[in-house]
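One chain, chain A, appears in both complexes that follow, with chain B as partner in the first and chain C in the second.
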Partner chain A sequence: MRQGFRQSMAWLHAWSGLVVGWILFAVFVTGTASYYRAEISRWMRPELRTVQADPSQSAERAVAFLKARMPDAAGWYIEFPKPEKPVIGVHWWKSLAGPFHQALLDPETGAPTAARDTKGGDFLYRFHFELSMPPTLGRYLVGACALVLLVALVSGIVTHRRIFADFFTFRRHARSAQRGWLDAHNVAGVLALPFHLMITYTGLVTLAPLYMPWGVQTAYKGDEIRFFTEAGMMPEMPVPVGRPGSLAPIAPIVAAATARIGEAPEGMAIYSPGDARPTVVAIFEEPHGLAHLHPQIAFDGATGAIHGEAGTARAATVTSAVMVGIHEAHFAGPVLRALFFLCGVMGAATVATGLVLWTVARAPKGAQAAGVGLALVQVLNLGTIVGMPAAIAGYFLANRLLPIGLADRAAWEIGSFFGVWGLVAVLGALRPASRRWPEALRLAGALYLAVPVVSALTTGEHLLRDTRFLGFDLAMLALGAGLIVAAHKAGRRHASARDSRRSPGMTGEEALRA
Partner chain B sequence: MDLRYRAAVLGRVLLAALGGYAVAALATGLLALVLPMPRSEAVATATLLSFAVMIAVVVGVFAVRSLGRAALLVGGLALPLGAGLWLVQTLAGTA
Partner chain C sequence: MTPLVVLLNLSLCFAGFGALALSLDRHHRDALGGRVPAGRIVPQRLGGWALILLSLAAAVALEGWNFGPVQWIGALTGAALLVVALLSYRPSWLRPAALAALPLGGLLAPVVWMS
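Entry: the complex of A and B
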């Protein structure tokens, strides 16, 4: 700890940022990609074509499938087909602790879809807050990192003497590499600072019931369902009686729900379907606006009569729901969504430049040898900053290259994701320090450029014949080109760094205060 | 960089993480009971504020001059909050 408030905050910023930087980079990249989760899922199931499906009929087909699969389930969930996901999604589970099973049904036949087996954009979405770990563990870890990020943001703001001037400062041709990295870190960090603060705080609020359950614990003795019902987020539900019974026909329930709200629900949840008193809940899309509050109607599943509706949420609950809504940006049109995407990229760039700055500021001066710690951070930096984007390209390529009929195909795709990630990290660690960045960036760029080509060769669809995936293909080409340009720049920087003498280095804290 | 410095840093990290969370959790639990609004609103308000409380404590723990003062800060917040929570719950139990 150093003397003075600003100095202690500079220390806190540098070290807290390093400790969680790698995980945060992965969280930012996958979260940013998740703004286009539906588009990614659609691209990854090219066999699916948009169909006109009637919700009542879809519900009947789904119930027939679920009755055969698990009649005594604790719950079923049915997702109706929509333009960006033209299949019936069905989920079933025996206990809320999991496991949760799911399948996609063809809306025209009610049989499991013939489209390739993939997790689609959902894998990236879940990785964003679960890191492919056991869900609760992953969520706690991401939450802890988010808290540290919030600390790093606050201490970073305090550290900046001239936050307004930094807004307009980018010494790209600065003599010292460190100055350039510092400015890049500041530009990416300060320009999108409102977004960074917003996305971190709202991310914590999204999982607040898990991270901060103590209000529900004291005021509701831990009864979460009671809290959600009183807050107007859930309807009152019938209580199962524990005797077997049968479910009323689902189609009239869907029709009644549609008539009540004026639009078809986006999904139906059915609790205790094998009980004499099951519950059917119609869940609707959020109404136009910022808040993430789905209108819900609960039906008595034995009679099909309306049992209750979600009440009206009050100020604090709406505030909370708006925070979740802003985090997920479901309200945003194409332009605003692109802006959120760019801000997410800036967030990833802030973390990446911060990580690189940490090593540049501590690079050995003159004949001093680099320590083990520094070498480790350098290797992990490359493995994460280049490995993570390369892994996503590997995931997309695997989606097109793996045989359609392969057993556990979706798991193989995820395996490819981690395989490419590990490969880039290991190759990076084996190469000399001056070569590893340009080489790894070039490899990642080539993987992205290969995605539209491989896709055209394997599916016969390409941008000249069909514009269905035009946006996706262009995004891949842009990312690939960007990585190749970055590789070129990284190669040049090293060449010039060898020629000129390194300017006297600063410690990280000095750099932050400069 | 002697051992004492390292131990003091470790102490602050532990104090910030565990103490910060404890203060935030106690404040959330207490506010959910005492805020003058419907029960669900009090819970939502307290939960929304909890993360800001935790960040403020963490920044405070790293900003004060010594580990002892940091411990005083966390203790000085946690004890009254804990006592208040105990009192409110006991009163509610007997009422």
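Entry: the complex of A and C
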């Protein structure tokens, strides 16, 4: 019975991991990159320089812009400039169902900035939980995969026979390829196990209200906004009267909000700005702590008087906010962020080594030909494990190479992302199995190494002259070098494995870098 | 002084994991040659676990119950990865590195405490 249980868990682990592995790899890679979302966004808008901006003045400029753009909007949102995004972000929408429009304004003039049109790090961030699909569909798909990942994690722990004895074991020169891959999979999985469990679980909790809306729907019957008010997440708001009116000057409201909390808000939301009773909500940066809860103050937009404040959140709300907070790690300083990044890379490595291990364990022995299923998994593995990182390098390169004035430039950047991904996957599929990995890895490495070079050539800024993007450039060089080393090892592995007819694959440590 | 606390956590966890790894025959053979001397296994394991727990205690004492455990978990993974990397590429460095990490942790503790 015991034996049977462990075997059935091993089966469950192998197949559940395979089914969701490719999506999970993409989710891990983009999620890990999102720890540096602000840094990526800043690199992708090199025209922007840090400026000192006064929030009241920024708010006035934003309101002037929004009034001209959509005076009868359902809502506006104004993001104040901050060091990592030194522009005024403005958003406006006619209905909550979308479309949502946005623009970046120069804090000094209030006119749209000259910065290139790009989604920046936000694209990778949203891809992490929406996969560039219609948002609801993407979130459901990622949620389903995360759920299966929890199953794979638990069944993996059960399957792993000797967690302590093999805790540090990574046999680089293992006699069988399968042994080496299994070691790599175990090391990446076990050493960061607390992180893997935490990130999967908190990730699911982050989107839980979307997956399980019924409790709130049943209790609040169409008035779900009231749920957020009562849970202490949103302040009580004035109700629009349906007559046109005008908005009180915004600068005194910003000043009153600042005086109340003791710091300037990070953004202002304005609902029904054209109504006789509009609402202005000041939203503040989350206080230092694990919880992801933003203090908010609502103002009557016609008079500028304070209408209400977000109440005190109770246990359930705080619990959920802490989980979201831990998932996003906004609280983490540079060292801890780097450790989280490392854990994320290990998550991606666990998935990648698991996928490769699936094929290695099922490789035909002797002269037998590989079946269609195995060949398909091998091709998809390469397309994802190398294609996805290469696509990110392609996205960065497109940011520097596409003409600044190109129409729909941001969409072209995203197109380049998918273009490079598809290209690597198709080229990989067309090449013979023995050359596929080294060639694709070399290509991906070359793309990363090209990023700082192309950036220096197109912007005139390089790491020797301007240290603004030093960290970004060094990260690109390190990733590129890692991929080239991986290509070299994958090639060598083949040269030595050809006689013994071992199945294709790299050695373990490369996947750790991928 | 969060970066220093993370460094303190890393050095304590690294020394702890180093002691645990060297209490296993396979890694002892790679790092120092031969099996683990019989009398060493238990003290090394106890010492290793104690250092890891000490690191958790330090994290909680210095960063509180909310940030402390989160940082500790990050440091735990980083330190373990370092041990595995050394065992794979430079096994003979593991013992000196773990022994060096101990005084580093001892040195950091008062610095962090006072700042």
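Criterion: the second predicted complex is superposed on the first by the 491 of 514 C-alpha atoms of A that agree within 3 Å, B and C clash if a C-alpha of one lies under 4 Å from a C-alpha of the other, contacts with A are read in each partner's own complex, and residues count from 1 in each chain.
In this section, a residue touches a chain if its C-beta (ideal position, glycine included) is under 8 Å from a C-beta of that chain, and two chains touch if they have at least 3 such contacts.
These figures come from a predicted structure and were not determined experimentally.
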| item | value |
| --- | --- |
| Joint occupancy of chain A by chain B and chain C, clash or fit | fit |
| Winner by number of chain A residues touched, once chain B and chain C are compared | B |
| Angle at the Cα centre of chain A, taken between the Cα centres of chain B and chain C once the superposition is applied, in steps of 10 degrees | 90 |
| Partner chain in contact with A:Y220 - chain B first, chain C second, else both or neither | first |
| Partner chain in contact with A:I326 - chain B first, chain C second, else both or neither | second |
| Contacts of A:P194 with chain B and chain C, given as first, second, both or neither | second |
| Partner chain(s) touched by A:G289 [first = chain B, second = chain C, both, neither] | second |
| Lowest C-alpha to C-alpha distance for chain C against chain B (Å) | 18 |
| Chain C-contacting residues of chain A that also contact chain B | none |
| Complex contact set, residues of chain A against chain B | 1, 3, 5, 8-9, 11-12, 147, 150-151, 154-155, 158, 201, 204-205, 208, 212, 214-220, 227, 230-232, 314-317, 319-320, 323 |
| Chain C - residues contacting chain A, complex | 2-3, 6-7, 17, 20-21, 24, 26-27, 66-67, 70-71, 73-78, 80-81, 83-84, 87-89 |
| Touching residues (chain side chain B, partner chain A) in the complex | 8-9, 12, 24-26, 28-33, 37-48, 50-52, 54-55, 58-59, 62-63, 65, 85, 89 |
| Residues of chain A touching chain C in the complex | 165, 167-170, 172, 187, 191-192, 194-195, 198, 289-290, 322, 326, 331, 333-336, 339-340, 342-343, 346, 509 |
